[in-house]
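In what follows, chain A forms one complex with chain B and a second complex with chain C.
Showing the complex of A and B:
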């Protein structure tokens, strides 16, 4: 795992980026971290903030885990990872409370629940423990981005169909005749939306991920 | 809020405010471990037990240690440490007394640590400002509600193996959509009792 001096690790960074954000999308392909994906996507705004939170935590924890990977005893790595992740989550939570109190109220416990988000833990365990810091940052960005994009897609359609609005604003030519379907805002709509999005990802990717079902 | 009896909160946590179907917590193990009714029943029991014990412990720690010392912002890290330690304890216990269940649950027992439902329940009792008995009722109800939901889905998925589902939707996506229907069914309980 040596890093070449030129470019972002000689295209290795790009490969990692592609792998994380598309081919192994944490949400749609590996189906990790779906709790928050379902809970906060009732509005597009919430989804975007949550996506940003995850990118921040994922990058931060990946970087720190990677920097400490040589000095962390194997037996204690889990508790070390959890403490690192919790530290970044507390940072983000305090930031939201200080500057965006309304948003913090709306997201409720789900910011804190990033600690138990399998994506962050999974990347720290599977990638950052074995790779140098720069590559780990790229991996953090890629996975955070992959998560954020899928979150934004789901949030977009749920707000569009459930409230007839986007980012709390009416859409000319649409909101006037569309009757909002409350179901999309409520819990069942979240399950339907995520199920359909994963189905579509599988369909685009072709049948092979189904084999180990 | 503070007058609601613990019994009402217990019922509401199972039916109207099911932690899985309305708050979406604990989805990871819910999807991955719902293939068989027996496994899911074991996991449901384990989660219920861990949830009630950790809500009680976290309630006591929050109100008698964190608040007096003024370090409330450390609640996440303290709660997760309590949960991790307790799950470790349960794991050793199950391994000693029921090796069969231990092997059936496999990786999912340690994964209870990162089951968001457990941490979520602890956070909810703080955010909603429950009293001690309300917290006990909520912890027990949320655990049972989670177990009920996963057993229901396991039953449905066992039947679903024989149905003809379009290829891209097999596995997780269809489970998700079935859960949506389940959530819709549970919405029928709305108005029976209400908390929050």
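Showing the complex of A and C:
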């Protein structure tokens, strides 16, 4: 749980997983990638698809960056990372447009904007460049999962309180008497929900050791 | 120098591989994406013509419903979509005409549906717009679009044109503009009037 910075975790997949998904959760602890987290979480379904997109892109780009890490010229590495990330993002976007048209319309530009998501680039730069492919895949899954789970939590509560439904379906015994609070669907609701989730994560995790010195 | 050549070579190979991969995927998914885009257009036309169909219809079903109910014909510069229910095939219910023009930030496209008298508006819909969310983007809301229902495309004197404006007296061809979206409303009015002019000219 109290894993030191990634250098010491080499070869330990479980530690990498815990680090990415919990101890160093990209959204709740590092507060990265919140733009998309605020924008697409008005429905649980949107949040889940967006989470899946990020896991796919993070795993794919981490794997490729890690495979190429020994042949990539150092000063060219960032351009290479962005090219690889962009390729995976457009792959996913094309797939959505072809087979999940309605979802693609709802997510709009936010799938394409994963290219600029700091989590993906951050993991490629900070982890995949220094670590072997298998461990990089684990790291990609961990961080993608960390993002997806937080997104799902926010999406769940925003849809529950904002629309009185879950996954577009009415909940027996709840939707009949609950008056949906529009605010939760709108942007302020996203800020409230994200703030509360970040607060709870940090409260459970406890303060950073260096903050106590 | 050697280092530079290697970097260039690396960039070339990586770029080529990425673009080949994307080209392959794009050409593989192209037919599905085109079908979706066509169904989307059909859904808009069916909606503005007030054709009744099951809500969860798939792309293929939409294309079929469209072919069963709608006759499209070219009249001058206009493409008209006539809703002809299959049961009584010589009776036109409503007619939809596409319109498009520049909005404030990008192209605006939509359909105008008219009664069979070709004067009374049955509905307006926008299927493509990039106007400011919350201001010009409100043109897609039912609150704005429903105002058009029952309005006439000619004024009392018979001159073609519709007015989108915040002030002035109520008229048979006037709807309220959106506050804070004057530019968008003016541009929508201009593109609607251009189409209305063609419709009226076509009728004579």
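Definition applied: the second predicted complex is superposed on the first by the 198 of 213 C-alpha atoms of A that agree within 3 Å, B and C clash if a C-alpha of one lies under 4 Å from a C-alpha of the other, contacts with A are read in each partner's own complex, and residues count from 1 in each chain.
One rule holds in what follows: contacts are C-beta pairs under 8 Å (C-beta built on N, C-alpha and C of every residue); 3 or more make two chains touch, one makes a residue touch a chain.
Keep in mind it's a predicted model, so treat the numbers as computed, not measured.
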item	value
Partner chain(s) touched by A:94 [first = chain B, second = chain C, both, neither]	both
Residue contacts on chain A - larger count, chain B or chain C	B
Which of chain B and chain C A:35 touches, first, second, both or neither	first
Chain B versus chain C as contact partner of A:194, first or second or both or neither	first
Which superposed partner A:177 touches (first chain B, second chain C, both, neither)	neither
Partner chain in contact with A:79 - chain B first, chain C second, else both or neither	both
Touched partner set for A:71, first chain B, second chain C, both or neither	second
Set of chain A residues, in rising order, touched by both chain B and chain C	79, 83, 86-87, 90, 94
Interfacial residue positions of chain C with respect to chain A in the complex	3, 6-7, 10-11, 14-15, 18, 21-22, 25-26, 29, 32-33, 36, 39-40, 59
Touching residues on chain A, where the partner in the complex is chain C	71-73, 75-76, 79-80, 83-84, 86-87, 90-91, 94-95, 97-99, 101
Residue numbers on chain A that touch chain B, as the complex places them	31-36, 38-39, 78-79, 82-83, 86-87, 89-90, 93-94, 108-109, 112-113, 115-118, 121, 183, 186-192, 194-196, 198-200, 202-203, 207, 210, 213
Residue numbers on chain B that touch chain A, as the complex places them	21-28, 31, 73-77, 80-81, 84, 113-116, 118-120, 123-124, 127, 166-177, 179-181, 183-184, 187
